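By letter and in written order, the chains are A, B, C and D; residue numbering begins at 1 in each of them.
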Amino acid sequence: MSDFFAGIPAVTYEGPEARSDFAFRHYNPDEMVMGKRMEDQLRFAVAWWHSFAWEGGDPFGGPTFQRPWFGDTLDHARAKADAAFEMFRILNVPFYCFHDADIRPEGASFAETTANLEAMVDYLGQKQEASGKRLLWGTANLFSHRRYMAGAATNPDPDVFAYAAATIKTCMDATHKLGGANYVLWGGREGYETLLNTDLGREREQAGRMLQMVVDYKHKIGFEGTILLEPKPQEPTKHQYDYDVATVFSFLSEFGLQDEVKMNIEQGHAILAGHSFEHELALAREFGILGSIDMNRNDYQSGWDTDQFPNNIPEVALAYYEILRAGGFDTGGTNFDSKLRRQSLDPADLIAAHVAAMDVCAAGLKAAARMLEDGELEQRREDRYAGWRAPSAEAMLNGGKLEDCFAHVMETGLDPQPVSGGQERLEALVARYL
Amino acid sequence: MSDFFAGIPAVTYEGPEARSDFAFRHYNPDEMVMGKRMEDQLRFAVAWWHSFAWEGGDPFGGPTFQRPWFGDTLDHARAKADAAFEMFRILNVPFYCFHDADIRPEGASFAETTANLEAMVDYLGQKQEASGKRLLWGTANLFSHRRYMAGAATNPDPDVFAYAAATIKTCMDATHKLGGANYVLWGGREGYETLLNTDLGREREQAGRMLQMVVDYKHKIGFEGTILLEPKPQEPTKHQYDYDVATVFSFLSEFGLQDEVKMNIEQGHAILAGHSFEHELALAREFGILGSIDMNRNDYQSGWDTDQFPNNIPEVALAYYEILRAGGFDTGGTNFDSKLRRQSLDPADLIAAHVAAMDVCAAGLKAAARMLEDGELEQRREDRYAGWRAPSAEAMLNGGKLEDCFAHVMETGLDPQPVSGGQERLEALVARYL
Amino acid sequence: MSDFFAGIPAVTYEGPEARSDFAFRHYNPDEMVMGKRMEDQLRFAVAWWHSFAWEGGDPFGGPTFQRPWFGDTLDHARAKADAAFEMFRILNVPFYCFHDADIRPEGASFAETTANLEAMVDYLGQKQEASGKRLLWGTANLFSHRRYMAGAATNPDPDVFAYAAATIKTCMDATHKLGGANYVLWGGREGYETLLNTDLGREREQAGRMLQMVVDYKHKIGFEGTILLEPKPQEPTKHQYDYDVATVFSFLSEFGLQDEVKMNIEQGHAILAGHSFEHELALAREFGILGSIDMNRNDYQSGWDTDQFPNNIPEVALAYYEILRAGGFDTGGTNFDSKLRRQSLDPADLIAAHVAAMDVCAAGLKAAARMLEDGELEQRREDRYAGWRAPSAEAMLNGGKLEDCFAHVMETGLDPQPVSGGQERLEALVARYL
Amino acid sequence: MSDFFAGIPAVTYEGPEARSDFAFRHYNPDEMVMGKRMEDQLRFAVAWWHSFAWEGGDPFGGPTFQRPWFGDTLDHARAKADAAFEMFRILNVPFYCFHDADIRPEGASFAETTANLEAMVDYLGQKQEASGKRLLWGTANLFSHRRYMAGAATNPDPDVFAYAAATIKTCMDATHKLGGANYVLWGGREGYETLLNTDLGREREQAGRMLQMVVDYKHKIGFEGTILLEPKPQEPTKHQYDYDVATVFSFLSEFGLQDEVKMNIEQGHAILAGHSFEHELALAREFGILGSIDMNRNDYQSGWDTDQFPNNIPEVALAYYEILRAGGFDTGGTNFDSKLRRQSLDPADLIAAHVAAMDVCAAGLKAAARMLEDGELEQRREDRYAGWRAPSAEAMLNGGKLEDCFAHVMETGLDPQPVSGGQERLEALVARYL
């Protein structure tokens, strides 16, 4: 279909000793991990935007990539799709993800843009059928066009809100038609550049309404996938309302949507918010809103979203550990929201980067599974809180009072002694599974 | 009572041309600002811990200060109190704040510690009566002693929870007895050093229970002050559960306490969480939980809590602007949670630092009041959202649907055009009031 | 010439009470500040790139600005120049700055590009003559085109080095012809994305050679301006070799160029490197390499280069204080390397932003001058080191030995006592001049 | 000698499958790595301060550790040394490091302090002889005592300079007597808290003089070890003069000491300065000043120096790769400047943390050696710059001129095309050796 990747073989598992850039050393789709095929645990997806739409620009330079499909016509869009499905075949990934703007040319009007989208949905539908590839999630790009410069749902102009809502409808329709497993909302410009011109309370209301409309429409059309929100603290905005998992949870709670919406959590966004990836995953799990992940890594010495391919197995293992503790993915998966460095011009770079990242994830998942199955880490965690299983401790949590605690401490002369947290020994324990 | 500040005169308002370190150039307690005396708007408080208890140590060095009241006896504690009230008199501040550990020596047992606290509360009560000074808030230090190394409310050991609860009771009693306007909770170690040994969900439950107990006890004893929680993202912990205003709001919502508890917001903590101070204040105001502030500044080039005295009027003005938009303080106030640099050894440093900080706050407040009274900034903000006053826009917010928006956009060929956000002009406008 | 700013009056000094966005409240060109006209102290320049070439894009969105001069022809370039000089007139700024790529269209070949540059230099020369405006500095854009994606002077491909060198020659010629006061080098991509493919030592040699060639060529053509290097720690690269002033000084020293090259220091770059602006300025002054400044501000909550217009007078005052301590600018000046927020679409935004920034700088300069003329701050600084004027102390610095110090301490039982650093009182002192 | 570690066996290599906290899984001292025994490549040292002197305090809490040797007498100091050497035996580390303040009690006078130091040096000398353990480096603590609050060499008071110089002499004598392989200088307070009271140029001169005195004294006493400087950007100061490797190199160059002094580079300090550890190591290697390392890790989400034990093999491998490229350590080594988390109270924590860290380093070293011996990474790096081997390219570097480059580009119509940097493929290559 596309000869863009000509000469690059389909990538298969060849074992840890393989030396080629086009062989899996760890990712073995049919290998069983905690009762599921590895493919079904990881549920890898390729992101259309970074791999096929991004041109290699950055704030100080223009495009570096020169892809045959760059252009504004439906022919270009189809050529892009051909290359994409060719890459999915080579990589043997089961899923992909897109924004509307990634897959269709912008039209001269909303109607034309919508028609373009529908045409491409048909085309992708055919390619899905031919290939067996599936859509992990679709989403609407409500941040790149200048109409959204001051936000989409949170725009001071209700016409932009309406335009965004209409666009989301088309994207939910597209996702539904393509059998998407989830629908994602990332509010890239739902935030502010300066508080001086911003009505925080009103914008919050607007965002809440839009989310309710998304949930309503999901039910109306019978979309059975999960609605996912993706937190990010900032960039391009100074402040984004979906700062982190805790912030989004407060938002969902306020609007009564905590049972309708889950989180799509990205490593790089966690880092920008001052958290580890595993923190955000664990917190979402505890809130019952862990949905899917955007897998990448953020450079620890850069203060912006670098979206690099993951390359650190110990870090990735801790992330999958939290996911496995949640029972693994349901409708979610591992989307590579990772982009080539802009100097990586070659088709082979695109394949090799994904292959390496898939291997890093596979190795991390396997280590996480060993750690969980072995059980020692969870045992130590449980032991640390063992005192709370005492009836008196449980009683304190269920209706305890300050004055009762006071009386107890006074009467018994209680003088609790600190106990080692054992952090280094736990880290050493984790290292054994890697 | 104390001759520690011998030779330093009582500080009074002398006008902008005053050159002495011991004169107010902006703070004029009786001057009216937005309908209240400046003193009643700002409600300044001195923090006992930094000014009287901190010895000048840092992670790489021991004490630098040599105060006559350093020591572990009640006599030392009374000498400390004498110096404190002498400073309040010199500065003409109406309020002060303390942790239990600041004002009383630790005893050999909980009972002895409590007795020490009660003795000092009596002593402070007498000093309050003699001076007219008041307690803005009291709090319990549940982080310095080694028993709290793994948290207080969130400790894996229920005995520590009980000990902390008992201690809070004594501190609430103390605050109540001294007529405190608020009671504060800062969970310095309510967080974790490593996720590996932490049960996030359980610790959250424990924290929720403790907060409920505090609220219950408040009502039981008839304390009419406000319960305040103070967010901080980290330090000394890797992660603190009370990360920022949004996070705490999600916590309050979860436990149904959003009408019982407000926020005590600190500039330095906002900065550590990746926010501006005014962001945290504005967000708390929108949530209806803006209570009080810890005024200081964090060095922008340092990654830890530097707790410096504020010195930047433009920044402080933006903070008070958000407070005035909320109607000003109710029970809250401006607590100087600011500490001398450890090289500032002299008694005069302690006075001069507070004088300068009070002036910065007064100048900032006056600028904020001018800005609000003039009304142009708020007018521009309102104008920006004017489109939302149209009935069709309001309808969209109240029951709108994606499909209706879609139909509307398709029918009208809606193509919203971006409008300047005018940020630079707004910043220029703000500058005019400074 | 250009009607882009139609309706906006020429901006003049109207005094502190002026309320218009198009009036100076502090900037009064003819007012004397430390023996020079304010205009001659500040030497304001407008940056061509942000004001006329930047289209409002960011990493998550395309252009927002729609300027009549956007396009790839010489006609567009001339229209852009017309608007620029119209703005210089309105603002009454004496200087401007450019990269080659800002003022001329890229050609199909190096020769054509050079011809375009020469044509525009002629055009700008005419406009300079007609307006009296001058060039503060010119520079070559060696980072935007994809040929420079791996650096210019430090590129692994010597052809890129040659191409860059040839381009610099044309830009130095252009600057020379236009009577530029300085020539600047900013090595936006002279650094690396990954150490794995980088030969640090070799790239350093290449950079050294290029700089030597620039200095040689300056002397050859008799350019009497100053060669300036602009430090920046990173972005777009992961690491840039010209990290900060200290790093660049080590580079200049290594290649023996410390008397030939000075620094162009940017506020935002200082912040990204973990320094205050005044630190970088003071350090350059002590090294004798303080040349010029790029005035802007970096958002303290954003981890990338935000290039905002300065709006904080206390901060700007500290910067000018270090400049005035160096005797003020020689060939350098205050270049507004500041860009509109991408939502600030209107021509009036561009004017108003500069007006406000010029006022902030003027107010800061005047405060700095008062502080320096008053002399108290410098007196306190000098007093702090007074002990070093003792002959024994001077002797220690000139040939002292550890063993002599040891003998002295042992013999005298020396036990030096700490003295207050007085930081808060110094900050209070500074506040008095603001 | 000490029963502090009673019950903990001597740790030996048991292979990757070992599960005990007290077994090496990777560290096998006699295994050959690139021509040396692993022990001789890694040259592990234990840091006296963190392991034996630190009491577990942090800025918000007091001591948590309760060690029998805590106290101010020589008996305590000897008990501490007994425990230390017992730990060296258990861990089978060849080296240790100390500050004077770690090993001896402070006396009432300089003379007494010196006598205490000498007594302890004798004691350590005996223990060295009995155990075969060696001193990797000694250093003077010139930052903890309040006399140093404003710096040691850079203090405004020349008496403090003299006192510091005298102290350094005693510490160099101690290090010399104990056969130390290096002598280290870390200027923990050689920097400033505020520029307002600081004479940058003068303080730089003072620091230069002190360093010269150290070098002179080294030669005078015939100390054959290496003088090492340890960069750190800040903390406890706002700014430290020894910011990073590049800054220190500029300092050494200015004072002509670049052949006399090398770098002791710490992971955590690199991170605080905005660099990766491998960057600082590579840069020092290129400057010819790579000496020794302080091995730890800094929490990426914390803005202060966390000094944690290393636990990430991929990161550590990249560090050792740069060291091996430099030919490995000469007099330097791997000092664990790592401290227990303050909740890790147990003797076993101290042992287990070091065991795990030694294993991480050993695994990292072995991976680095495989990578270097295999040669593919270095081959790819060399290939990337192959163009520079052409005579015309070499000529350009040796005396090239801008005008020649210009002529060449014009004549040939040179249009260099970008080539992939291959970052992801290089990262994948690195992963194969891990």
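Rule of thumb we're sticking to: a contact is a pair of C-beta atoms (placed from the backbone, for glycine too) under 8 Å apart; a residue touches a chain by one contact, two chains touch by 3 or more.
Just so it is clear, the model here is predicted, and its values are computed rather than measured.
The fewest steps needed to get from chain A to chain C, moving only between touching chains, is 1. More inter-chain C-beta contacts link the pair C-D than the other of A-D and C-D. Centre-to-centre separation of chain A and chain D, using mean CA positions: 38 Å.
With centres taken as mean Cα positions, chain D sits 36 Å from chain C. Counting only residues that touch two or more partner chains, chain A has 64, 146, 149-150, 193-194, 234, 239, 274-276, 301, 341, 343, 418-419, 421-423, 427, 430. Remark: chain C residues 19, 21, 25, 64, 271, 274-276, 300-301, 309, 311-315, 340-341, 343-346, 348-349, 352-353, 355-356, 359-360, 418-425, 427-432, 434 touch chain B in the complex. Here chain B touches chain D in the complex through residues 56, 58-64, 143-146, 148-150, 188-189, 193-194, 234-236, 238-239, 272, 299, 301-305, 341-343, going by the rule given at the top. Listed in rising order, the residues of chain D touching chain C in the complex are 109-111, 114, 146-147, 149-150, 156-163, 165-166, 168-170, 172, 193-202, 204-206, 209, 213-214, 216-217, 220, 233-234, 239, 243-244, 246-247, 249-250, 253-254, 273-276, 278-279, 282-283, 286, 318, 377, 380-381, 384-385, 387-388, 390, 392-393, 396-397, 400-403, 405-406, 408-410, 413-419, 421-423, 426-427, 430.
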